[in-house]
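In what follows, chain A forms one complex with chain B and a second complex with chain C.
And then the complex of A and B:
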């Protein structure tokens, strides 16, 4: 099917602050979806709560702006119930790595074929600028007047450590690169994770906006990185917070079996052992007679 | 030598491709200015909104003129270039917008776009061999110079800069 990016753009006008990084992220998603070519009605897009979690509404896919931190459980349920859907999941750093942090590990070990995009702005944007799990040490916000005392979570290392088979990072400062990693993530047969450095223009740090991204971003391909080497990927991931690496950090060369495929296999096996329909009806009828007697 | 920008080899462009690309560049700019105008409307910023709408109308005029030329020369022959091959050539970058930007900020953002588009055409012109494509891109480059002059004139008409900083104010989405 010949799909264009505008086929995925809904009529809803984004209410993000003008200048927000998420505007570029949704553009990259339109481009990636057009490249993949699945029509909007075959796509389910689930998010949690946060500024970033409004993103499904700005697409023409089926959308579910769900509950804070619960995008992944809902997305997994959807994928198991209807494996033919292309399932996208998205949200913020707070949604994914504080309240929803526990779900990430389990989504990874289950390895359903879905794509999880985190719009990492190192802040709680929607609730007006509190510390988030990825805020850097010493950051002063409305809830940390004297500076944060906690070391940030490293989302890249986090997902790699739990065995995510596809891990990438991008920024809307590099639209072609971001669209391409999202496309690759969608095409990857298994759990794929894309961390997007998407600046919050209102509560984020002034020196970590798209202009700064443009100046410092480095594509891992240009560094000669071998994306099939998980240890090399972990080494690059260590630099989260000090370097802005873009591109695919890790792509498991042999994609492990997905949970949705295993569920279908097991269903097929059980189906073989199941009694024929007529026999089940006979048993019901016999039981009914027995109870009536 | 050829130059590749977002997967496109500008050295090998035909006149049809070049016209299609030019139409896409104007279309992207028109859509972005419209998006910016809508954002400003949402934040009750009428002065920046009306300037962005004015820019969207200008970009649309230019797009229609180029699309007409393409239709006259090549009819409905299918295009081989697409909107995903370009990004932000003449369109303002998303992080140029601010909820409380003044007309001056909006015009300065537009001026940066005209300069950026000019630099883009200068950059690719050095790699184009086809004389018809060169002529078209040179014309487009020249037009950017006129647009720059137009925006500069608008800026000159404004009252002196008040020094107002839009980043000192926020109008973020309502929490859920």
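And then the complex of A and C:
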């Protein structure tokens, strides 16, 4: 199918502030989806709550803008129930690493074939500027007037340590690069994670906007990084917060079996013992009916 | 001759008391009796005291019975720990291990003096015949077969099957132990024979518990996804799915927590698949937010709450009916969420199928309020004709609808056709945020009001579902009983006893608890002067919901008490009599005279 990025753009007008990084993210997603070429009705896009979680509505895919922190469980149930779908999952850093942080580890170890995009802006934008789990130590916000007392979560190291088989980072400051890692993530047969440094123009730090991204971002490929080396990937991930690395940090060379594939195998194997549902109560028969010899 | 026998047994963890109960009910079911078996344990995971009660009858049984006809104690310390769960009366045949050294006239039963007491060398017989005290439970089965004529052939056949895997020596040893028990009974006949009448002929019985019945019904109804988290006393539902659902082309996810369990189920439902989750009170608290999401997204979802004692961890292994407020009312925003409750293991089948049908028909979450008593008791019950059940699937958009699909279209019924990912043209945004007909987010108060009205209006037909209520007794009697869940079975029996004692009463058993079907209650209340809403909770939650929604008869009272204290038919009758007398004293003339 010959798909164009515009085929994935809905008529809904984004609520984001002018200059928000998320505009770039949604553009990159249109491009990645066009490159992958699945028609919109075969795509399901699940999100949580937050500025970034509005994103499914701006695509023509089936969207599910759910509740705060629960996008991953919903996306997994959907993928298991309907494994033919291309399932995307997205949210902010609060959704993924604070209120829904507990689900990430399990989504990784379960390894369904879906893509999780986190728009990481180090702040709570929708609620107007509170600390987020990726805010820097010492950051002053409306909930930390005197400076944050907590060290930030490192999303890259977090997912790598739980064994995510595909981990990448991008920024809308590099549209081509971002579209390309999202496309690669979608094509990867397993749980793929993309952390997008997507600055908040309203509540984010003035010295960490797209202009600065452009100046400091370094593609890991240009550093000669071997994306099949998980230890090297972790070393790069350590620099989260001080360096802005872009590109694929880790791609497990031998993708582990996905949960959805294992489910299909088990269904196929068990369906040899298929029992029509009308007969299910025979399992409880106190005395088996005499069967003809 | 007996046609109804209640046997209670208790011992230490390793005594195999529950295993004996399982063998007994399996044999009874095989022989065609109706039966109920409940078990009860101390809080230890292994060891400690354990007990079971088995009620066997020639007629369908709906509760585990009251005072025991037969009590079996391997030691008195353990037996007494179960207190009111194993009540002994004057007519109880008491059998205990002579090894306890307790004299028959010195039983530690306080003021209760049973007329027939048999100290039996149970431990000694087991050692003599099988060479081990592990066969004590087999000796007990032999005694019960001998004294009460309980399905000896089925017991022996079951035993052979059970021990076959462990080798012929064990089979032979247990056969000897069984014979020793049976011979002992033959040599020491009861004062009056209490042999069970043979079971009436009929179709083979079903033997299972409420949790397995619920899971089987769900699969029958077309449920192909289960997401959940282990929690007592509901876990067996998930366990059944993990064994059975694959071969029906479905899947089960043991999630990382309760929220993920219901989240995954809702995701599957969004994907067009019938889905469910099951939990108990603490899990319901955690799942509330996603239930609200299901309501506003108008997605079908079945949530089972197998109630246990609460709040918080409460009494995890005991039954209670105190989660009705939570099921009906626990939500932020205006939510109408149907709540159904089964009254027995057998009834769990139909109620579960109905829950899926309502969920699909009205695109709504539906709660099944089971309780530990029903969920974990075993029942030998009449077979169920699955052909009698119609299955409902959610309304799908037509080709014309899909040309310009409007997900939440305002329709006369309030039900809008729902697509699922994969369906060309059906693309829409499901959202927890309020939305317009197209699914686009909105902050408009006008649209919010219209959507709330739609989400409530579509459920209106439920309030006229008389088929979700059962009535018993004299429809014009001035005395009324209302009971739901496992307590309904106690009240059905209480009603019959009351009739025998000359008390005219009627009974309403709602299986649809919420929304309150006002017409059904109003009709039922016509001519009622007094009565009881019998519930196993401190507050009497259905009684209070009824008073919130309806004008109830002046004399209608709540007869409620906290969980883990099962109601018995006799006390319901006694309370009903008091209620009747109180009204009579107030000068109500139309009441039937009460002795």
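Methods note: the second predicted complex is superposed on the first by the 274 of 293 C-alpha atoms of A that agree within 3 Å, B and C clash if a C-alpha of one lies under 4 Å from a C-alpha of the other, contacts with A are read in each partner's own complex, and residues count from 1 in each chain.
In this section, a residue touches a chain if its C-beta (ideal position, glycine included) is under 8 Å from a C-beta of that chain, and two chains touch if they have at least 3 such contacts.
As the structure is a prediction and not an experimental result, all values here were calculated from the model.
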item	value
Touching partner for A:176 - first (chain B), second (chain C), both, neither	first
First, second, both or neither for A:85, with chain B first and chain C second	second
First (chain B), second (chain C), both or neither touched by A:49	both
First, second, both or neither for A:19, with chain B first and chain C second	first
Contacts of A:128 with chain B and chain C, given as first, second, both or neither	first
Residue contacts with chain A in the superposition, chain B compared against chain C	C
Contacts of A:119 with chain B and chain C, given as first, second, both or neither	neither
Shared contact residues on chain A - chain B and chain C	49, 54
Touching residues (chain side chain A, partner chain B) in the complex	4-6, 13-21, 23-24, 31, 34-35, 49, 51, 54, 125-128, 172, 175-176, 179, 199, 201-203, 206, 209-211
List of chain B residues in touch with chain A within their complex	6-7, 35-36, 38-40, 42-43, 82-84, 87-88, 93-99, 101, 167, 170-173, 175-176
Contacting residues of chain A [partner chain C, same complex]	12, 39-44, 46, 49, 54, 56-57, 60-67, 70, 72-82, 84-85, 102-103, 105-106, 263, 266-267, 269-275, 277-278, 280-281, 283-287, 289
Complex contact set, residues of chain C against chain A	26, 29-30, 204-208, 212-213, 216, 219-220, 222, 224-225, 227, 244, 246-251, 253, 255-257, 259-261, 263-273, 275, 289-290, 292-293, 297, 349, 380, 383-384, 386-387, 419-433, 440-441
